[in-house]
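Both complexes shown next keep chain A, but they swap its partner, so chain B is in the first and chain C is in the second.
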Partner chain A sequence: MAERYEIRFSGAGGQGLITAGIILAEAAAIIEGKSALQSQSYGPEARGGASKSEVIISDGPIDYPKATIVDACLAMTQEAADKYANGIKKGGLLLLDDDFVKTEPEGDFTIYRLPIMRMAKEDIGREIVANVIALAAVIGMTGVVSKEAGEEAVVRRVPPAFKELNQKAFALGYEKGKALLN
Partner chain B sequence: MTRTLLTGNGAAAWGMRLARADYLPAFPITPQTEIIETVASWINRNEIECRMTTLESEHSMLTAAGAAAATGVRVFSATSSQGLLYGMEMLYTVAGWRAPLVLVNVSRGLAAPITLEPDHNDILAARDCGALQIHCATCQEVLDSILLAYRLAEDWRVRLPVIVNLDGFYLSFTREPVQIPEAAAVNRFLPPFDSGNLCFRASAPTSQAVAVLGGGPYSYFRYQAYLAAMNALGVFEEIGQEFRKQFGRSYDLLDTYHCDDADILFVMLGSFATKAREAVDHLRASGQAVGLVRPRLLRPFPKMALQRVLAGKQGVAVIDQNLSPGGGFLYTELATALYDQSTAKPLLVNFIGGLGGRDISREEFFEIAAETRRAVTAGTAPLPRLLFTAAELREVRKLQAIAGSRREPPRREP
Partner chain C sequence: MAKKTALVQGNQACAAGAIYAGCTFFGGYPITPSTEVAEEMSELLPTVGGKFIQMEDEIGAMASVIGASLTGAKALTATSGPGVSLKQELIGYACIAETPCVIINVMRGGPSTGMPTGPGQSDVMQARWGTHGDHAAIALVPESIQEIFTETVRAFNLAEKYRMPVQVLFDEIVGHMRERIVYPEPGELELIDRDPVTVSPEDYKPYDSTKGLVPPLASFGSEYKYHVTGLNKADDGFPTTKASLVDAEERRQIDKVECPEARADIESNEEFMTEDAEVILWAYGSSARSARYAVNELRKEGIKAGLFRPITLWPFPEKRTAELANQAKAIIVPEMNLGQMIHEVERVALGNCAIEGVFRVDGDPLNPGQIIDKVKEVI
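Take a look at the complex of A and B:
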């Protein structure tokens, strides 16, 4: 059976994590030509509340579209960490926002921390790019798509006026994500 | 042909766009709203020519849809769950009008309790209204089924509304790579709606039908609609072959997977069947001859096709994503479909799973296969069984404790 890699992005509604999932799936399915799909789930709230987006990437056909047990998980808030940082594969990885997740979920996986929101605000100057930093960090840590495919997918998604801002955010996230593993 | 990532809702909107629907009466409901939003944004940007009207309810929405379709306009609309039920009265009416519109239903479990997630009790409530039903398992199938649905609805041998069903969340909000066919190829497959002499001219008003009829004529017209629905089986096979020639993807009445040499079959509807498909691979890897049948057309019910594929099987596990007295709907329908044969029938075992979007795990498919084998050996099927785990029961008990619910019956005073 085909190699299947599953990633979950979770946080608060409105943080752009569903968009991050879509961009990753586009990088894999449209740019790299792999099989990929993305699904999402959220509560009845329009903003706030925990939200998650899942991406499955495979080198063969994907029969079932929902993530079952994920290889990598991101949690941007404590509520998301409590609710969605479960079902992580043994030996998988969990990336947490250093400022917003105080209580770490327990399990047989490795926890990494990055101050994602703070990086967006202080290093890039715009909180709105936190999702791109998080996405780039996950790509840097997992290598599930290439750096180039990830950046290309981000650029395709954002309005031209924000291209450079997002490229900067992507480069920062990728570098910090990769550095976590060293 | 463009390959792009689309949600099931996005695929439904693209189906409508490629079908060049002229009229969209709309009323919002989760998880369907994205379809209407997508089409509305295209209309706003002048990318498509379509008249959109927002109505005050699904009841009015279906009335408007039926009236337009009955005068030769190609109509598209979409709803879900409670909305479908709210419009139910008019579903029977527009089917009686023989109005060939296409309606998408994004399945969502019915209240109470309220849920946003999918099961099929909403769409199955519409099983007797006279509208046809196509059930989808992938986003590609959603887009393609809408094109097939217009051909089916507008065929002069059928002329009935068609509902295309997709599961909320599992398809509505799941992005999959979808091939968007070229407009020119779709135009060849689906030419403009030829309504014959049915049209609306303000200068020459006509009446299409008498409003009130007695038993004899009433029976005649309802029976005509029934016969037209039965014609849809043959017509669907015909247009399915045409579709394959034009676009290279095949859509038969049934989607079958490893059925030929199987002794046990799973029967399921909709996107949860993809989970069964994956389980079949694992069951086969463990040496078990299990297959999967997924009816695409539910109305009319593809009885003969099911009889053929189920013939000679030992056991059939019918996994219903709905709940009804006497078992799941698919189970009772399938039992009826097999009963008029005098030959040996497979033993049917009924499981209820996926209510309110509840997942069905691979282990449960293994258990379903094992339980079906045990029933075959025993020669008798157990009562319909709800897929539910001890962990889930503990969660419910916690909720009940928080709510302070009292589970014991009230004590009688001596």
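Take a look at the complex of A and C:
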């Protein structure tokens, strides 16, 4: 793995993208024993507005706590794509929600699309798991942590009653994410 | 057995450190970006027999902390710059009444309400001179989640040992970001309690400094009865205007922190690649993380850069800063304000090297590129 790998999750406040970042950082730092740092920036609104969460994963100590050149970025809404889909490295990847981002950001990176919110609603039956689908898709596409570590971190974070629902969401996101690269 | 680890926010690590240090009282008033410290304390304190009170305002919160401390508790409050502004009168009271307590300031910008969800480092001079009158100050500036834990513990130790308020300042970035913490085992970190009173209740004087610069503090409400006031006072705690007493007390309360022995005990710094450095980055808190990143990048290009990072900001690390000013061609001071600590660096450098600042106040952290550009401009 590269010395420093940077992932940014962005979307609307309340979509659970800060949680997605926390889960990824736990998978890396606690389960896989790497260095990981999760940070976020958000506006004063409790819901709505563009929000982002960044995770830096490294084999060594992490000094600067914010993203420098993003390896992989997720944008769940048009506002998030406009505001946060920048600073992506040459050859990096950008995953967009197919239904909610119409205007693609321009840059020297590869754009992939998945109907994440629709998958959550129609395939899993609960919009609330969209963040887990998105997280799993990003793990499937980047391999930044193992599938097992990612799933374990999700299970540790959710109440037992929602374990299966989230495992189902994770499996779906991981599979669809991986399939995008083929 | 492996030590317990977790991925936690800086604010959570702060609360955990306070509990480890033996804190049994929190009085506060919620304010972004410090609120998680209060939240955590409200959950943790009942489990250790402590008390949590959300007070009616910031001033009341500070008053409750002073009151709790006088009864013998290790007491904490957490706030942000606007809250520290409101607490100033009582911080001064804690200084003159010599009441141990810890004040956490998770810094955002300012003045006034500023940008509540953005980071800043613009309260560092407030931590030194926020309350009026001559007084000593101790302020600690951790840069990581692990260090927030250990420095919160150290803040309690210093508050108890020197019988005064101690401030711990970190910014929104470190307060809200998450990293792995390895929780120290019980007994692993030193814990200091205030000196016990050794005289009888009849002979007790709360400011009797004949045996040392820090008089022992009896617990209010015990058989030891004494008077507490914000007025200049004699050793028995009662107000005085006698010139020689006022002068001696004012000086003692500063000497107890600024005498060479106390400075050596309180000061704490980290140095990274300073040995042969021609350019020193003098940085604290999250800006030091950007500076360390910059040092690594600059070294790859053959530029002899190094980092000096005060962990104790006040008392100011005068001796080592002066030495580095003699060694280096330039000192660069990156701060998330428009230039505060740079004035102290200039004061002790005595013109022995070039001094430049890199400042940022737009709500984004100082990035390493800005620092690197400044270094290249200066050398």
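Details
Criterion: the second predicted complex is superposed on the first by the 180 of 182 C-alpha atoms of A that agree within 3 Å, B and C clash if a C-alpha of one lies under 4 Å from a C-alpha of the other, contacts with A are read in each partner's own complex, and residues count from 1 in each chain.
The criterion applied here is as follows: contacts are C-beta pairs under 8 Å (C-beta built on N, C-alpha and C of every residue); 3 or more make two chains touch, one makes a residue touch a chain.
All values reported here derive from a predicted model rather than from experimental measurement.
If you put the two complexes together on chain A, you find that chain B and chain C bump into each other. When the two structures are aligned on the shared chain, A:161 is found in touch with neither chain B nor chain C. In the superposed pair of complexes, A:65 makes contact with chain B and with chain C alike. Residue overlap on chain A between the chain B contacts of one complex and the chain C contacts of the other covers 22, 25-26, 29-30, 35-41, 44, 63-66, 68. The touching residues of chain C, when paired with chain A in their complex, are 5-7, 116-117, 173-174, 176-180, 286, 289-290, 292-293, 296, 364-365, 367-368. Listing the residues of chain A that touch chain B in their complex gives 1, 22, 25-26, 29-30, 35-41, 44, 63-66, 68.
The part of chain B that touches chain A in the complex is made up of residues 3-5, 116, 169-171, 173-177, 271, 274-275, 277-278, 281, 359, 362.
Residues 22, 25-26, 29-30, 35-44, 62-66, 68 of chain A touch chain C in their complex.
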